[in-house]
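Two complexes follow with subunit A in common, the first pairing it with subunit B and the second with subunit C.
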Partner chain A sequence: MATTALEQELKEMIIDALELEDVTPEDIDPDEPLFVEGLGLDSIDALELGLALQKRYGITLESDAESSRQHFANLRSLAALVEARRAQ
Partner chain B sequence: MSFLELRERPWRQRATTDTVAWYPATPTRPQGWLSIAEWHLRIGAWQRLLDTFESTGQRTWLLFEPDPVEFSAALIAIWERGDEVLLPADNQPETVASLAHAGVALGAIAGAGSAGEDQPPIWGDEPLPENALSLYTSGSTGEPQRLTKRFAQLDAEMATHATLWPLAQRVVISQVSHQHIYGLFFSLLRPICEGAPFAARLCPYPETLHAWLGELQADRGVLISAPPALSRLAPAMDWSPVTTSLARIHSSGAPLPKAASDDVRQQLGTPVFEVYGSSETGGIGWRDQQHGDEWTPLPGVEVRTDDDHRLWLRSPHLDAPNAWQRQADCIALTSTGFVLEGRADRIVKIGGKRVSLTAVDRALESQPEVVRAQTLPLQRRDLRLAAIVQLSAETLPHDHATHRATVQRLRRALAARFEAQSLPRYWRFVTDWPSNAQGKLSAEIRRRLFLDLDDRRAPRWLGEHIEDGAWRLTLEVPEHCAYLDGHFDGQPVLPGVALIHWTMQAAQRLLGAETTFAGVERLRFPTLLLPGDRFEMTLEHRLKDGQQSLRVQCLGQRGEHMSGRVLLYVSDSAEDNDVG
Partner chain C sequence: MMDLYLQDWRAWTPHRDAPSEPRLDSSVKPSGAGVPAMLRRRLNLIGRAICDMLVTLDPESNSLLLHASRHGDGDRTLEMLYTLNEGDPLSPARFGLSVHNAIIGVHSIASGNRRSQQAIAASGGEWAALLMESRGYLADGEREIIVVFGDQPVPARFADYVPSTQSAAVALRLSAHPTPGVRRIVEHPGAGAPEPVQPLDVIDWLLQDEALLACPIARRQWQLEGESSLQASNACKTGARRAESGHN
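So, the complex of A and B:
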């Protein structure tokens, strides 16, 4: 599946917000986990990412940690979240 | 010859026919000796120079002088006036500019005065100054700190050393600068107070040392060295013809790797006595690793520990000799001394969780490709870890893909033991351990290693050294370098103008801030540089027909990225810069 414009935008947002100095957008596989395995993000990054989504797209995450975690599973799920919430 | 305290002014008391310094042979001149009488004439020459500043009313002098004889003469001339002296760590333009307000510059500092012809000294009745000297510590834990040493502190420590390791008129050869306290203390002040000659030149290279030792009779030399020089000594040449020359070697500044201690002992046939301490504390303990890794406290120095394993110190070498002072290092007491357990401040909190940086370092060092590693916290939004990792040459990444693969492999290896947020986020891979002349990974070097995080136009700097008269800088193209913007076809490349800019930045740092761009000649960019590419930039400074220039070559794994000449305009005040 090709990378959509939104996915590309999210890749750049992640790299920028989390200061991933040696990661380029091409390094982020949309289907690979963002956390621990794959890109190797951690709980501090999860907080940063939440802030970035709010700033950029006006999206506020649920206070329920479990459902937030599902959205952050990989880039595709993150893009789906942005797509859905932006449309509301 | 008997030991005299600095406060007894040994320079006045020795017989004028005694020797104070040894001149090793040069291709054109046999070895020779400097007598006390001849040394007095150099002191007189500096006294006359200092007199010319009489009208300024200045009582503090900024002294940088690489020549040990001239340095010692200048220092004594200042003391004889009862004036204060400040020793800058180097004569780089930035260092000198930051201290310019503090006193009158002397010696090898751009625009400073140096002593002229020999003159008879004048011994007045001016008391010695309050402080023997001030200097700036290397700043391994932050900003450089101004530090003052009183005569009593230095005299107490020298008396201890004179008893423990008497020089007994052996020639003292030094591989470390006397602008720092360790070099000054061991290679100049001790010989002066014990009436032993010091070598009239610094001996930075193994080849020089080999030649000098060939001139000395058996057991007539003492070498003052440090881990960076000592680790590179044994493999450099065949020492068998000169193994008897040295009575002992001293090393300080950082712990000497055990392997280096073994090599030196075996090949030079000389014991290495390491001294543990800092500019602030003076000497604390000593050891010869051939007899174990324990440190023995120096005579008169008391050591104890607390529940946190912190080292507590009471020492005549401290400014307050009767008070117990807590130090940043952790120790464990043994039956005869103590072992070092690392610095207490190596525990940090990341995301609220405590992480031992020493534990992360050791885990990294247990990986087969890792020679040495040091993690450090970087204050970026939240506290994050960075790692400086020395890899074996064959495992070094050369481009973005291999860099990513190396980072992922190392992070995976750490993930088994540490939580995700404790894993280093910023990685710097090096082939040679980055350190200053004292063997320390100083705050300044750390700043330079991570400069590209704050300056999107800077390259990723991974070390530099001088080889065959040229600077060799190891650099990487940061993946998010601002110069990569405006790329085409989704493949960003580094434009040639960025390389010229990086060349000029290096030139200004190495040659002085007054260096400006004057043009280019025969400049070629044969192979494109891509984000993440690692390369070596070689800069050779030339002066031909009044035109200063840098011969530049950038070489990477895929080929040559740049070659040619960058022409420079260097204003007068920047020319006299010491590249060493």
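So, the complex of A and C:
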């Protein structure tokens, strides 16, 4: 599956917001886990990512751990969240 | 009073150059190679330098750590204040790294060291506080302890209110028992110089033989007994100085 423009935008946002050294957008596989395995992000990154989504797309995540886990599973699920919820 | 012995040390500052002293890292940008990249990205330059020194001085990651800094990370703290003033939400990563124990906290995650850690700020009395705390832990039966002292220039906005500070950090492994060739730290009463001890002063003290380091707030001064070159076979300028003075 090709990377969409939104996915590309999110990759750049992740690298920028989380100050990922030596990571390029090409390094982020849209289907790989973002947290722990795959990209290897941690809990502080999750909070930082939540803040970035709020600032950039006006999305406020509910404090429901299970739904956040699904939204943050990988880049594709994150893109789906932004598509569905971005402030119009 | 219990004697302290300097088992080993490492230092970082771009403001001193001693090419023949392997324990001093003068690089402008320390590597931070001792910390995995995903943790290293959160460390500033002094944090990278300190983590590298701790990995070298405590390869088994089982030492107690004391970390002192007069100002801590003033840049991150000030950025957060600006953000709050704008009414914007705070960056969790910036908050997490602005606390006074942030650097040794990152080191503890990276190294797996789960022993006690203590972060100290003492309005210019950091060096005296570090040694006092060390004596306490050593008197309690600890065999060795590692103390770290690091500071960097405060943000320009605060610069008029504090003495100017240059980026420097130093880490020392101390014990209460002598081993062959180590230098003894002898403490004397006396205020000495008027200015508070900064990390760069400690580095200068370590690089010399028998120099005095004075902390006016604590009204104490310290002298290193023994020769700096005895601790490392390839250490610096002290060899030449020893030859000149006939001291042995």
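Just so it is clear, the second predicted complex is superposed on the first by the 86 of 88 C-alpha atoms of A that agree within 3 Å, B and C clash if a C-alpha of one lies under 4 Å from a C-alpha of the other, contacts with A are read in each partner's own complex, and residues count from 1 in each chain.
As a convention for this text, a contact is a pair of C-beta atoms (placed from the backbone, for glycine too) under 8 Å apart; a residue touches a chain by one contact, two chains touch by 3 or more.
Because the structure is predicted, anything quoted here is derived from the model rather than measured.
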Message: On the A-aligned overlay, A:54 touches which partner chain: subunit B = first, subunit C = second, or both, or neither?
response: second
Field: Partner chain in contact with A:21 - subunit B first, subunit C second, else both or neither
entry: both
Message: According to the stated criteria, A:36 is in contact with first (subunit B), second (subunit C), both, or neither; which is it?
response: first
Query: Who does A:44 touch here: subunit B (first), subunit C (second), both, or neither?
result: both
- prompt: Can A:5 be said to touch subunit B (first), subunit C (second), both, or neither?
  reply: neither
Statement: Check: subunit A residues flagged as touching subunit B and also subunit C 19-22, 40-42, 44, 48
- request: Give every residue of subunit B touching subunit A within the complex, in rising order.
  value: 350-351, 380-382, 384, 400, 403-404, 407-408, 411, 415, 419-421, 423, 425-427, 452-453, 478-480, 531-532
Statement: In the complex, the residues of subunit A that touch subunit C are 18-22, 40-42, 44-45, 47-48, 51, 54-55
Query: In the complex of these two chains, what residues of subunit A are touching subunit B?
result: 15, 19-24, 27, 35-36, 40-44, 48
- prompt: Along subunit C, where are the residues that touch subunit A in the complex?
  reply: 37-38, 40-42, 88-89, 91-93, 96
